[in-house]
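In what follows, chain A forms one complex with chain B and a second complex with chain C.
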Partner chain A sequence: MDLQLVSLEIGACLLGIVVLLVDLWTPAERKAQLGWLVASGLVGVFCYSFTIFDQGTGTGATGYVKDSLAVYFQGYFVLSAVLVVLLTQSYATRIRSGISELYAFTCFALAGMSFAAGANSLVLLFVAVELITITFYVLTSFERHRLRSLEAGIKYLILGAASSAIMVFGIALIYGSTGALDFHGVARAATGLNDDSMMLLYRLGVLMTLGGLFFKLAAVPFQLWVPDVYQGAPTPVTTFLSTGSKAAGIVLILRLLADACPPLLGEAWLRQLLALMAAATILYGSLCALRQRNLKRLLGYSSIASAGFVLLGLVTLSDQGAQAVLFYLTAYVFGVVGAFTVISVVSEESSDEDISTLANLHQRSPLMATVLTLSIISLAGVPPLAGFIGKFALLSAAISSVAVHPVMPWVIGAALVGVVISFYYYFTVIREIFWGKGRFWAEEAPSTEPLPCPRAAEVVLLTCLFGLIGLGLFPEPILFIAGEATEYLFSAN
Partner chain B sequence: MTIGLEHYLIVSVVLFCLGLLGVIIRRNLIVMYMGLELMLNAANLALVAFSHFRDNLDGQVMVFFIITVAAAEVAVGLALIVALYRKRQTNDVTDLTSMKL
Partner chain C sequence: MSPLTYIMGLPLAMALILAVVPSEKRQFFRWGSRLATLGSLLLAIYVFSVFDPPITDQPGPLPTQGTEESALEDEYGYKFTQRVEWIPSLNIHYYVGVDGIGIVMVLMAALVAFAATCCAQEIRTREKEFYILLLLMTGGILGAFMSLDIFLIYFLHELALVPTFIMIGVWGRGQDKDFAAYKITLYLSLGALLTLAGVIMLYLQFGSFSLLSMMDHGTQFAGTEAGVFSATEQNVIFALLMFGLGILVGLWPFHTWAPLGYSAAPTATAMMHAGVIKKFGLFMLIKVALPLLPQGAQTWLPILALLCLGNILYCGLVAMRQKDLNLLIGNSSVAHMGFVFLGIASVTTIGLTGAVMVMVAHGLLAGLAFGLSGYLYSQARTLDMEKLQGLLASMPFWGTLMIMALMAGCGLPGFANFAGELTVFFGAWKMYPVITTIGIWSALVIGAVYMLRAIRTLLHGMKGEQTPEVEDLKNWQRLPYALLVAVLLLFGFYPKLITDKISKSNATFEQAKKGQAPTEEATE
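Then we have the complex of A and B:
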C-alpha cells in the first residue's frame, strides 16, 4: 500500500507525538507557545499531502479513497484544527494539566477526521469514528478540576459509547446481509438481494449505522448530549466539536448514503425519515435556544439547528444538495470559531459565560465586538455574509427537489420558521453587545475597561473576519470546488 | 438439533437488548458501562457468526478492530469514572446535575 496516500493522517499523528516530546524540553512558561508550531506544522503537512494529490496518486488502496471530496473535507478539517489550536493557545492560562496534551489530542482527532473523510469501508468508518470520539472523551473532560468539564465528559462518554455500540451492531447486520464491508461491495451485493428477510436486515443495518453517525451530527433524536457537553467542555474543545466532529459525521453520512445504499435511495421511507428529522432538528434547536442565557449552551442549540439545515441538504439526495452542504459547512466554521473565540476571551475575564458579560463589548474591544456581531449575523443568515450564501444554497437545493420529494414543501416551511425564530435569539446576543445593561442584580454598571485580546486569538478573529466577508462577497471559488468535490455523489440514481 | 445462524443471532439480539436495557434503566455508571460492553460484544458475536456461516473472514477481522477499540474506550471511560469519584465520591448518574437548562 502506498503510504503517501495517508501522508496527512501520518503527519498529523507524528506532529502530535513530536509536540509531546518537545514539551519535555520546553520551560513551563513557554509551553503554550508550542501552538504556533502545531498550527504551522498542520498547514505544512496538509500542503504536502495536497501536492501529492495533485500529482495523481488518487485511489487504489482498499477501504480508503483520496478523491476530491476527501481532499475538500481534509482541507476543512485542517482549517478548523489550526483555528482551534490557536484558540487553545489563547485559552492556555485556564488549563492546569499540560497544554501540550491538548495540542496532541487535537492532532490525533484531526487524523481520525481525515480518515473519516476518505473512509470507503465500514471498518475504516468505525475506526475513524471511534478515533474521533474517544479522543473527544478525553478532550471534553480535560479540565478535570472543574466538575462541569468532568460531568460533560461522562455524559458524552455514556451516550457516545451507546451510539457507537448501536452503529457497530448496524455494521454487523449490513455485513450479515451483504457479506461485504467495503461500500461498493455492499452496494453491489444489496442490489442483488432478492430475499425479503435479508433486505430487512440490510435496511435495519443501514438505519442503525446512520444512527451512530447522526449522533455525531447532533440531529434529533440523537441531540440530547449537545447542550451539556458544549457547556461543560473547555471552549476550544467545544469549537472543535461543533466544527470538526460534526463535519466528520456529515462526510461519513454522505459517503454511506451515496456509495453503500443506492438500492435504498429510491425508497420513499428513507427520504421521509430524513425529511422528518431535518424539520424536527431545525425546530428543536431554534425553539430551545430561545430561553438560553448561557452563551455556550445557546450556541449548542444553534449548532443543533444548523445540523438540521445540513440534513435539509442531505434529504435532497442530490449532488446539488451535497454541494450546498459543503459550502454551508465552510461558511459555518468561520462563524462558529469567531463566536467561540470571543466567548472564550470574554469568559476568561469574567469567569462566567452568561450572555450579560457581553455588555459594552463594543467599547471594551471593537475587534471582538465586530467579529462576534458578524459571526452571529452570518450564523443567522443575513446577507451579504457567508452564512447567508450557505443557507440560500441549501434552501434552493431543497426547493429544486420539490418535484421528486412530496414532503419537501413542509420541510422547507419548517426551515423558514426556524430561520425566523433564530433571528430572535441571535439578535438577543447582538443587543447585549451594544445595548446590554449587564446583570440586572448587579449594583454597578457593566465595565467599560478595555479588554485585552491574546495575540493568537487575534489571529483567529482576523481569519474569521476575512473568511466571513470573503466567502460572503466571493462565494464562487468555494462553490466551484464544492461542486467538483460532490460531482459524482448520487450519480447512480 | 444443529445450531444454525439464527440461534447465534437470537443470542446476539438478546445480549444487545439486555445491554441497552442496562444502560437505560441502571443509574450506576459502572453497571451502565458493563451494559455498553455487552452491546459491543453482542455485535461481535453477530459478526463472528455471520462470518462463519458465510465462509468470509472479513467479519472476524472487524471483530479484532472492535475489541481493540472497546479496550481503548474502557480505559478512557474508567479513568473518567475514577476522576469523577475522586471529585464527588459518587458514581451515580443522578448526581450529575451541575448543568441544567
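Then we have the complex of A and C:
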C-alpha cells in the first residue's frame, strides 16, 4: 500500500501526537500558543499532500481514492480545521485544562474527515465516520465544569451511537445482498441483482446507511441533536461540527449515491424522499430559528436550514448540483466561522450567549461588527457576498432539474419560503448589532466600552472577511475547481 | 473602458476609500461622497449629451467589436458597451451598455443620488457607515440600470437594496421604525427572490444571461407558432417576474411596505429608494419581461392593468386620508406607480414611452418631495400636518418648492409628470378605455384633492398655534432642490429631450409589441 497516498491523514495524526508530546515540555501559560504551531503544521501537511496529488492516484483497490473530489474536500477540511484551531486558541482561557488535547482531537477529527473525503468502500466509510464521531463525543463535552457541555456530550453520544448502529446495520444489509464492500463492486453486483427480495434488502441497506450519514448532515428527521449540542459544546467545537463534520457527511453521501447506488438513482422513490427531506429540513430549520434568542442555538437551527439547501443540490442527482453543493459549502465555512468567532469573543466577555449581548457591537469593535454582519448577510444569501453565489448556483441547479423531477417546483417553493423566513432572524441579529437596546430586563444600558479581540481571532476574522467578499466578487476559481471535482460524478453512470 | 463603468465605479470606489478613513473625519465623508456622486452625475450628463450621434463617430474600435454581441449592440442601439468575462463557470459576464431607456434612467438616478448625498446632512451620528451605505446603494442602482447581463442586473440591484434595511433601522425615525424595517426587508426580499427564480428560469430557457442574445433569440422565433418556448413556461416566468418585480415596485395589493418604509426612512434613503431603486422593477419589466416573454405578457397584462387600478384609485384614496406628510407622499408615490403599470400593460410605443417618462419624472419628483419633507422634519421634528400650518410665511423658498412638487404630483402641465402621464393615457386608451378613464379621473380629481389639501394646511393661512419655529433653506442648501425642480421643468417644457432618447430604444418596444399583435387585431 502506498503510504504517500494517505500522507495528509498520517500527517494530521502525527501532528496531533506531536502536540501532545510538546505539551509536556511547554509551560502552562504558553500552552495556548501551540495553536499557531498546529495551524501552520496543518497548512504544511496539506501543501505536501497536494504536491504529490498528480504523481499517480490510487485506484479503488485499497478502498481509498484520492481523486479531485477528495482533494477538494480535503482542502476544505484543512481550511476549516485551521480556522477552528485559531479560534480554539482565542477560546483557550475558558478551557480549564488540557488545551493541547483539544488541538490534538481537532487533528484526529481532521484525519477522519480526510479519510471520509476519499472513502471508496463501506468499511472505510464506517471507520471514517466513527473516527469523526468518537472524537466529537470527547470534544463536545470538553468543558467538564459546565453542565451544558456535559449535557451536549451525552446527547450527542446517545443519538450518535444510535445512528452509527443504524448505519452499520445498513452496511451489513448491503454486504449481505451484494457480497461486496467496495462502492463500485456494490454497484456492479446490485445492477446484476435479479432477486426481488435481495433488491429490497439492498435498498433498505442503502437507506439505512444514508440515514447514518444524514445524522452528520443534520437533515430532518435526524436533526434533533443539533440545537442542544450546538449550544452546549465549546464554540470552536460547534464551529467544527457545523463545518467539518457536516461536510464529511455530504461527501460520503455524494460518493455513496454516485458510486454505490447507480441502480437506484433512476427510481422515483429515492428522489421523492430526498426532495421531501430537503423541503422539510429547510422549513424546520427556518421556522425553529425564528424565536431563538441564544445565538449558538439560532445558528444551530440556521445550520439545519443550510443542510436543507445542500439537500436541494443533492436531490438533483446531477454534476451541476454537486458542483453547487461544493461551492455552497466553501462559502458557508467563511460565514459560519466568522459568525461563531465573533460570538465566542462576545460571549466570553459577557459570559452569556443571548442575542442582546451584541448590542452596541458596532461601537465596541467595528471589525467584529463588520465581520458578523457580513457573515450573517452571506448566510442569508445576499449579494455581493459568497453566500449569494452559492445560493444562486444551488437554485440554478435545482430549477434546471425541474424537467426530470416532477416534485422539484414544490421543493424550490419551500426553499424560497425558507429564505424569506430566514431573513427575519438574520435581520434580528443585524438589528442587535447596530441598533439593539440590550437586555430589556437589565437596568443599565448596554456597555459601550471597546471590546478587545484576541490576535488569533483577528486572523480568523480577517480571513473570513477576505473569503466572504473575495468569493462573492470572484467566485470563478473555486467554482472551476468544484466543477472539475464533480465532473462525471453522476453523469458517468 | 466604457464611461458607464466610471459612472457606476466612482461611488463604489469612494465607498471603499471611506471604509478605511477614521470615523472622526466627518467632513471627509460628506464631501467625499458628494464629490463621487457629482462625478457620476457629470459623466452621466456627458453620456446623455453625446448619446445621439451614430456610433461610427466613435474613435477606435469598441471593446466588443467584431464579436457576435457587437452586431446585436448595433441592431438594438446599445452604446458605450463593455463586456468582460466574470464567472465563466456560470456563463456570467460583466456587461454594461445603454440604450435610450437606459441612459435616461442613469441620468435620473445620478441626479437624485447627487441630491440625496447633499440632503444627507441631517445625519449626525455614525456618518461613516451612512455614507458608505449610501454610496453602495448609488453605485449598485446606477449599475443595475446599465447592465446588459441579467445576472449582473439582479446582483447590483440587491446590492443597492440591502443598505435600505440597515439605514431605516439605524438612522430611521419614528416609533414604528423597527416594524417598518422588518416589513420592508421581508416584502422586498420576497419580491427579489421571486425575481431571482424568474431570472434563473429565463437563463435556462435561453442558455445565456446576455439580454441582447436573448432578445435576438426571441426575434428569430417570433414568427413561429410556439414562440421560443411553450406558453405555459412563459406564463410561469412572466408571473414570477411580474409579481416579484411588482412587490419591489409596490404593485397593489403588495404596496403596504412603501408608505410605512418611506415615512420611517432617513431623508436620503427615502429619496434614493422611492426615487430610484423602486424604478428598477419597472425598468426590468420593460426591458426583460415584455420583449422576452410575449405570450406570458398576453396572459398577464390584462391582470396587471386591473391591479394598477388598485394603485391609482385605492392608494390615491388612502393618500387623501393621511395626516402625516411623509405618509401622504408615500401613498401618492405608490399611486403614481399605477400610471407606469398602465403604460406597461398597454404595450404600445406611446404607452411604453410614457411609462418611461413617468418613471424619470416621478424619480425626480419623489426625490424632491422626500427631500423637502425631510428638511421640514429636521426643522420641526414632526410631519404631522395638523401641527404644521402656514409655513409659507416663515419658509418662502421651501414653501414655493413644496407647492411646485405637490402640483407636479397632481399632474400640472409644465412639469415632466404631466407629459409622461398624458402620454401613458394616449397609449393605453385603445386597449383599456375603462381603466384609462378611471385613471384619468383619479389622477386629476383624487390627486388634486390630497395635494391641494396638503398645500392649504401646510403652507397657506396663518401660522398654527402648535407650529414650531422653522428656518428656511439657506444659500447652497437650496442647490439640490433647485436642481431637481429645474430638471423637472426642463423635461416638462421640452420632453423631446427624453422622448428622443427613448424612441431610440424602438427595438425593445417593437419586440414587445410583436408578440401582442394578434390580440390587438382581435380587439379591433
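By our rule, the second predicted complex is superposed on the first by the 485 of 493 C-alpha atoms of A that agree within 3 Å, B and C clash if a C-alpha of one lies under 4 Å from a C-alpha of the other, contacts with A are read in each partner's own complex, and residues count from 1 in each chain.
Methods note: a contact is a pair of C-beta atoms (placed from the backbone, for glycine too) under 8 Å apart; a residue touches a chain by one contact, two chains touch by 3 or more.
Bear in mind the structure is a predicted one, so any value in this text is a computation, not a measurement.
> First (chain B), second (chain C), both or neither: which does A:L147 touch?
After superposition on chain A, A:L147 lies in contact with chain B alone.
> Name the contact category of A:L122: first (chain B only), second (chain C only), both, or neither.
A:L122: touches chain B, not chain C.
> Taking the superposition as given, does A:D228 touch the first partner, chain B, the second, chain C, both, or neither?
The answer is first: A:D228 touches chain B but not chain C.
> Taking the superposition as given, does A:A180 touch the first partner, chain B, the second, chain C, both, or neither?
Touch status of A:A180: first partner only.
> When the two structures are overlaid on chain A, which partner does A:Q33 contact: first (chain B), second (chain C), both, or neither?
neither
> Looking only at chain A, is it chain B or chain C that touches more of its residues?
B
> Using the superposition on chain A described above, determine whether A:V168 touches chain B (first), chain C (second), both, or neither.
Touch partner of A:V168: chain B, not chain C.
> By the touch definition at the top of the document, which applies to A:I134: first (chain B), second (chain C), both, or neither?
It touches chain B, and chain C stays clear.
> Residue by residue on chain A, keep only those touching chain B in one complex and chain C in the other, then list them.
Dual-contact residues (chain A): none.
> For a test of understanding, state which residues of chain A touch chain C in their complex under the given definition.
Contact set of chain A toward chain C: 323, 362, 377, 382-384, 388-389, 392-393, 395-396, 399-400, 412, 416, 419-420, 423-424, 427, 430-431, 434-435, 475-476, 479-480, 483.
> Under the definition above, what is the set of chain A residues touching chain B in their complex?
122-123, 126-127, 130, 134, 137-138, 141, 144, 147-148, 150-155, 157-158, 161-162, 164-166, 168-169, 171-173, 175-176, 179-181, 227-228, 231-232, 291
> Which residues of chain C touch chain A in the complex?
It is residues 86-90, 126, 129, 151, 154-156, 158-159, 162, 165-166, 169-170, 178, 181-182, 185-186, 189-190, 193-194, 196-197, 200-201, 203-204 of chain C that touch chain A.
> Which residues of chain B touch chain A in their complex?
Residues of chain B touching chain A: 9, 12, 16, 19-20, 23, 29, 32-33, 36, 39-40, 42-44, 46-47, 49-51, 54, 56, 58-59, 61-62, 65-66, 69, 72-73, 76-77, 80-81, 83-84, 87-88, 93, 96, 98-99, 101.
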